[in-house]
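The following pair of complexes shares a single chain, chain A, combined with chain B in the former and chain C in the latter.
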Partner chain A sequence: MDRFLFLTFDGLSRGAVYAAFALALVLIWRAARIVNFAQGAMAVATAYVAYSVADATGSYWLGFIVALVAGLLLGAGVERVVMRFVDHSSPLNGVVVALGLVLIIQGVLGMVYGNEFRPATAPFSRDGFDVGGIALLSNYDLFVFGAVGAVVVLLTLLFTRTPTGLRMRAAAFAPDVSRLLGVPVGGMLTLGWALAAAVGSLAGMLVIPTELGLHPTAMDIVFISAFTAAVVGGLDSPIGSVLGGLIVGLLLSYISGYLGATVAPMAVLALLVVVLLGRPDGLFSRSAKARTA
Partner chain B sequence: MTIVKDRLKSATAAPTRAARLNPLIVLVVGAAIIVALTYTLPPFRTYQLATVGAYLCVTAGLTVLTGLNGQLSLGHGALMATGAYTLALWQNKFNLLAVGIVVAILVTTAVGAVIGLAAARLRGPYLAGLTLAVAVVVPSITSTFDETFNSDQGLSVILNPPPESMTVEQWQAWLCWGAALITVFALTILTRGRFGRDMRAVRDDETAARLAGISVARTQVSAFVVSAACAGLAGALFAVIAQSVSPGAFPLTLSLFLLMAIVIGGLGRLTGALIGALLLVALPAIAHEIGESAGSQRLEGNLALTFFGVVLVVVMLAAPGGLASLRIPFRRFRTKKH
Partner chain C sequence: MSALLEVEGLTAGYGAAPVLHDVSLTVQAGQIVAVLGANGAGKSTLLRTLSGLLPAEKGRVVFDGQDLRGIKVERMVHLGIAHVPEGRGVVTELTVDENLRLGGLWRKPQPSLAPIYELFPRLAERKGHLGHQLSGGERQMLAIGRALAAQPRLLLLDEPSLGLAPKITAQIMTLLRDLRDRTGLAVLLVEQNVRSALSIADQGIVLSLGRIVTRHDAATLVDDADLRHAYLGF
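Up next, the complex of A and B:
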């Protein structure tokens, strides 16, 4: 039972990160109908920048802020310079271009920083508090929950309570009408990419200290988990992606805890296959419309 | 009436244009060129030539799947790993290469059929995501079952020495190009016939294809199985060339490289697959030389990575038809008379 409790809390903490990352994927999917396969590589790139700044200045938090700002800029840049010019007649094109970006980012990171794992320190202790003899939550877990929770609340407020959020939703769902009504659709798209990339950077900053460390390909498996989370929740549903993230986090934690860490990637693949074949619109979707986009 | 006649004319003219190269002649000429090259090139170049042949097997299969049938697969690196590991396990037990290659193809075909069954129900980013997951996850299986696969170290492949009359490199080149030419020959025959027409129909409009009596799911699964068999063959050949297999040889970037190769060459064209296979060997070699002259280890692999990425993005944005499509204006001009 102790072990089960420990794994549950560990899973929720991991799941919160996957939720944030899945949320970033869903944001771009809703805005542009593109699954951003470069999300993981972009997050790693900003994490490298952040740790360079942190090393140079000695302040983790300065690096943290730099990561978020770099995410905003990178997201906007990718949309403005590359994604805007993708021919959308085939859904393959966006995917292929994103994968090209993955190669570019990984190659550049490897050239600048080298292909070794670099240690990445966490800002808080990762030792759990003692609750009745079991080490459950650590300071770092609380930080993760707080950060992801804040992002979810802020994004919800942005999309439901502000004129900008309304414009972004309008630009995504009815671009032509929105343009007629004076909404800068292109700008909203750029803003969507920027926000999503910043959320992805946050997820990267949260997950990298808990894994092996910084590496150009460090986010590959995280990307798969987050993509699974987004699919579990339904690619169109921000709330679904958060729930999906928690589900995937718990599953991974239980599987690693009881069956061994090397089985976990296979469990993600199995979950992805089952959900895609059984309920491709996600577990929480009401409509049974086929996803052909 | 004249319109119908014109249509008939262009309809009959189209296949003859497509069939302007007799695959049998290509096969014979190709074999002759390869034999000539293996006796003139220095050993290292011959080894590179063998690698091009092995890459050609998988890029040809992948371009049929993605270009003709419209299914994107990022899992072909993992399928190659399946073929390579099957061959390694077989060789270390029985040491019978010819049978081993066939077994590797069969096992990979079976795995490909399973993925293909799932893939036939998925479209666009969902299919890409699933096959990406396959590419990332499959190498980790070697750590889970480390008694069989020996985790990150991988396995060495036992091989008999080549016949005394030829060098190892010559033998490798003959083996790989023999396999590659047969693959290209078979795929040419296959895609020029009914199967190829079905695939293109499914790619262009699934509903119309279904109305025309084509089973969309069966066509998609068949296409995946065919291209998986090609990937298995290529994997087995790589195991023979390297005389070892390890998960590090089949990273996600390998699958992305394969994608880049067929996109640059022009999706759905076997000539494009050849261009892609050549680039897959030539670009890293050039990057290696640049890295060496700059004296930077970091540059070596990553320069090729970056270059591939840039090429992939630029080609997708500027010429989605790929390099092989650059002749199209000329051809269009020529066929305007019809």
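Up next, the complex of A and C:
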């Protein structure tokens, strides 16, 4: 039972990061109908910048803020300079361009920072509190929950309570009609990419200290888990992506806890295959119902 | 007095073959102009070109003294042109209230939606419903209400009667006439339902294969049997 509790909390903490990263994928999917395979590489790039700033100034938090701002700028830049010019007549075009971006970003990071793991410090202790003899939550876990929770709440408020959020949703669902109503659709798309990339950067900042450290490919494995989370939840469903992230986090934690860490990546892929075969629209997607209505 | 909308020698279409040829027309403030003609005559293309969704190949469009060449689609509503596209263009994933708010969103401060709900009590009842839960008539009301929330001076209305029961079509036509009389709204009304359109229009224009073949006062078009037979087929 102790072990189960420990694995549950560990899984939720990990899952929260996947949830944030999956949310970033869903934001772009909803806005542009592109799965942003470059999201991991983009997040790593901003993490490198963040740790450079943190090293130079001695302030982790300054670096943290820089990561988020760099995410916003990188996201906006990728949309404005690259993705806007992709011919969307075939869905594969966006994927291929995104994969090209991965190669470019990882290549540049390797040239600038070197292809070795660099230490990435965490801003809080990762030692768990002792609760009845089991080390459950650490300060860092609480930070992760708080940060991801804040992002989910802020994005929900943005999309449901503000004129800009309404514009962004309308532009995603019906670009031509939105244009006729005076919505600057291109600007909304740029904003969507910027926000998504910033959320991706946040996820990167949260997960990199818990893994081996900074490396150009540090987010590749995380991307697979988060992509699975987004598919499990339904690529169209922000709430689904958050729940999907938690599900994948728990699954990974239980599998590596009870069956061994080497099995865990296979379990993620197995989940992806099962969901794609059984419910390709995701467990929490409303779109299937809406389409038949 | 110069016209609210002046179109001169407009040629436009999709790709190589133009759909519209050398179309000229004017709409005065407070005037309803019906654009009639068979399927494929270029009626929707005309509206899409006027609102900037399609680029014009040749010709000039002047709205309230301003040449519209090069004006972005999303700026049109700022100038006072609202386009209700064919198929109604309700954002089905948004609620009735969100759709309506979207219409007035570009205005600072944002206008109250109360007058729109007063005009369409049915929409007030269905405020929180999603677009895809509405009936065809409700969607049409929502699309028109949303356009009116932008407080336009010119309404480009594409086939409002499409798929609607005659009673609802009549309601919408009456509403348009009242709006014109009360607010001086100008309407360029594309319709296949000739009788309905001419019942409220001041002027009728008949398009055939992308060219204007005749234009008359609405009353003349309805009353003159020869014209009716020749151009409207009834």
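The rule is short, and it goes like this: the second predicted complex is superposed on the first by the 285 of 293 C-alpha atoms of A that agree within 3 Å, B and C clash if a C-alpha of one lies under 4 Å from a C-alpha of the other, contacts with A are read in each partner's own complex, and residues count from 1 in each chain.
We take it that a contact is a pair of C-beta atoms (placed from the backbone, for glycine too) under 8 Å apart; a residue touches a chain by one contact, two chains touch by 3 or more.
Everything numeric here is computed off the predicted structure, so don't read it as measured data.
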First (chain B), second (chain C), both or neither touched by A:I104: first
First (chain B), second (chain C), both or neither touched by A:I65: neither
Contacts of A:P265 with chain B and chain C, given as first, second, both or neither: first
First, second, both or neither for A:L5, with chain B first and chain C second: neither
First, second, both or neither for A:N93, with chain B first and chain C second: first
Chain B or chain C, by number of chain A residues touched: B
Overlap of the chain B and chain C footprints on chain A, listed as residue numbers: 293
List of chain A residues in touch with chain B within their complex: 29, 34-35, 37, 82, 85-87, 90-97, 99-111, 114-115, 217, 220-221, 223-224, 227-228, 231, 235, 260, 262-263, 265-266, 268-269, 272-273, 276-277, 280, 291-293
Chain C-facing residues of chain A, complex: 163, 166-167, 169-170, 173-174, 176-185, 290, 293
In the complex, chain B residues that touch chain A: 66, 70, 72, 74, 118, 121-126, 128-130, 132-134, 136-137, 140-141, 143-144, 251-253, 256, 259-260, 263, 298-299, 301-313, 316-317, 320
Residue ranges of chain C in contact with chain A within the complex: 51, 53, 72-78, 82-83, 85, 89-94, 98, 101-103, 105-106, 110, 130, 132-133, 146, 150
